[in-house]
Amino acid sequence: MTHFSAGELSDKSRVEAFSDGVFAIALTLLVLEIHVPRLAAPVTCGALLLALAQLWPSLLAMAASFFVVLSMWYTHHDLMHWVRGVDKCFLFANGFLLLIVSFVPFPTAVLSEYLNTPARAGAVALYCGTFFFVAVAHLLLLRSIIANRRLLHTDVPAERVATVQRAYLFGPLAYLLLLTLSFRRPWFALILTFAMWILWLALDYGSRARHPRTNPG
Amino acid sequence: MTHFSAGELSDKSRVEAFSDGVFAIALTLLVLEIHVPRLAAPVTCGALLLALAQLWPSLLAMAASFFVVLSMWYTHHDLMHWVRGVDKCFLFANGFLLLIVSFVPFPTAVLSEYLNTPARAGAVALYCGTFFFVAVAHLLLLRSIIANRRLLHTDVPAERVATVQRAYLFGPLAYLLLLTLSFRRPWFALILTFAMWILWLALDYGSRARHPRTNPG
Amino acid sequence: MTHFSAGELSDKSRVEAFSDGVFAIALTLLVLEIHVPRLAAPVTCGALLLALAQLWPSLLAMAASFFVVLSMWYTHHDLMHWVRGVDKCFLFANGFLLLIVSFVPFPTAVLSEYLNTPARAGAVALYCGTFFFVAVAHLLLLRSIIANRRLLHTDVPAERVATVQRAYLFGPLAYLLLLTLSFRRPWFALILTFAMWILWLALDYGSRARHPRTNPG
Amino acid sequence: MTHFSAGELSDKSRVEAFSDGVFAIALTLLVLEIHVPRLAAPVTCGALLLALAQLWPSLLAMAASFFVVLSMWYTHHDLMHWVRGVDKCFLFANGFLLLIVSFVPFPTAVLSEYLNTPARAGAVALYCGTFFFVAVAHLLLLRSIIANRRLLHTDVPAERVATVQRAYLFGPLAYLLLLTLSFRRPWFALILTFAMWILWLALDYGSRARHPRTNPG
């Protein structure tokens, strides 16, 4: 309504809308990497069903990337609830996060193409490596909030911020380990990555159940 | 305005905006599956018009998928009017629905490619199978609302919720039947699917005309 | 805020946001139809510049479609200012308009591919034919507003509605003539189409300058 | 809320939302130009990693275009804070800017394809040439605001507008010089372009730090 925010803080609603746009488009572009199978003659129903069934690495990669980008959107959603406004540092950390989010369809496509080939280790390494940068981007975004306390709503409890920061420090380390593992045991690294995401969801869900009113999400 | 919603409920406006984004992008991506015909020499106006006319399965599939995704958006729009806020269960049911919505361009493209070939049964089966999951996702979303009555506005009449729930239970059953039928009589299954969508629209329209003020849509 | 609108009218803000999304995506997808030229060896700077220059039909088609879709968005923007809320008829007329909008990248791509070939007449016919449906969709949307006077804000002057309706009736007729012309004189039909768009913009601008306060746009 | 704005000014919120959509989609489409490498047999992990490493021109071009489009969004964001409403001139200047924004993925793709070939000079020239039009579009948008003072909030200081206008006049000149340079020293022109963007960010950041409360961004 007014074009002056408190101090030099910008208002956050356009940042939210813009980020939502990038998250939504990145999610929806994932399907473009699933290619319609081109059958050699003779074209039969059985051949089509077989070709569709052989797309399972694409479907698995699409579904996994979809849910992890969706989780990132929830996390972003929560973080934006903490802040009263945004400064330039926040905007750049957010821009870096969006760059990585918009990049996710590429490693997903590489994983789809090479998961079922001898080059799977390289594809899994690229996938885990991308999420290493995702974790770093989240850490930078959180740091940009903590660095300028005026960005934070006053009723966000300090211990909640500290808990989240500890959780975010763990992310880059975990992905580095998974990246190293992926060269030796690609399947195991990939399954561990998926397991970690499911575990994080469960832990996050549990922590919210215990602190229903201190959770600003 | 405040970053605390009632109890642990999150506010619904960003969920609406995000879902709208995914619906809008999925709709618009459908056109990417209609490929510009590449003519062999000699390139003539007649050859181009003939090639364009042969795209009718793509155009039919695009238009059908467009209107069904649009109907899903209307339904989503209505459901969101019922809720006061969202919880984690709702967010995951909604995420699952969005995954299927963003997947719709793929079966549409397969239907475009194979509707006019002997492999049509497989393409129709994939198409009906996808909408089976759409129906399941709608049911899960409705269940997530009913499971936590605090999500519902108090003035949504209980009998309206019960009616909608019965209608939603019918969906997965109908698509399972159509899926089985599609292997034997693919054309018939596809026409029946389209007829069912038109019937649903008409029934929905009728029910609204009868209960203008109890309809929160 | 409340989930009951006046009578059975739905609130219009999500319809606006959703339509904006489809318009914005259709605009941005136009660039995907401009393909990076693949040069045969030897790859030289001169060969690249020549290949880029030969993309002029793509650039022309993209720019023309961009500005006409943008004009449609302005028109939509204006129409939405007239209405207080939306009903089911409006939603379906709007859905039909969005279907055509999301289809525009396809005739644009066909025009890019065949404008500089002997098949140009077919490409221009498809382009004008698409805008015939655009004009019909606008007419249907306006009819859906007039059919249910309760949709209109009471302060929209009746003579303004009548003027717009006359202008909208002219659209389908003009495109039908251009479509017939495009088979005999494709270049002339295309230039006439562009000239008509520029004329409409100028007339619209003039009418606003004369009635600054009766213009709800 | 009301459908009449002050005088003939339209309200700016839908223009913001629409522009945000185009910016977000243009950003996200950049990744579509990074193609999954297709390996010749034998498919090995080493061959995949090598092929991924050879994508560095695509990654560099994507990241550079991402950050410059993001900067353009911040600039747009700031400009929109200055205005109270929009007129037809503003809408067309804005439409021209969005056309160029949605075009950016194309020169980015050409740069990705030809940066590492002898045709690099043409690709860099196209890239700098596109940003020449970006700079012109920004200048037109600023002129459209200055031409109709009623668009501006009364508390935007005149000296700030003058400073920004001087900065915007510099843009087209700088890109013209870079365009000429790119034919002789393509690498140098590209590095200079990136250096200029980083310098602009730093200067902008500094100017904000000095004038925290006169900055409406």
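By letter and in written order, the chains are A, B, C and D; residue numbering begins at 1 in each of them.
As a convention for this text, a contact is a pair of C-beta atoms (placed from the backbone, for glycine too) under 8 Å apart; a residue touches a chain by one contact, two chains touch by 3 or more.
Just so you know, these numbers come straight off a predicted model, no measurement behind them.
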**Q.** Self-contact between copies chain C and chain D, residue sets same or different by half
**A.** different
Q. In angstrom, rounded to a whole number, how far apart do the mean CA points of chain A and chain D lie?
A. 25
Q. Just how far, in Å, is the C-alpha centre of chain C from the one of chain A?
A. 36
Q | For chain D, residues that touch 2 or more chains besides their own | A | 17, 21, 25, 29, 32
Q. Considering every pair of chains, which are in touch?
A. A-B, A-D, B-C, C-D
Q | chain B contact footprint on chain A (complex, rising order) | A | 16-17, 20-21, 23-25, 27-32, 34, 36-37, 39, 42-49, 52, 62-63, 66-67, 70, 73-74, 77, 81-82, 153, 155-156, 205, 208, 212-213, 215-217
Q.
Which residues of chain A touch chain D once you look at their complex with the stated criterion?
A. 3-4, 7-8, 10, 14, 17-18, 21-22, 25-26, 29, 32-33, 88, 91, 95, 98-99, 102-103, 105-106, 109-110, 113-114, 117-123, 125-126, 183
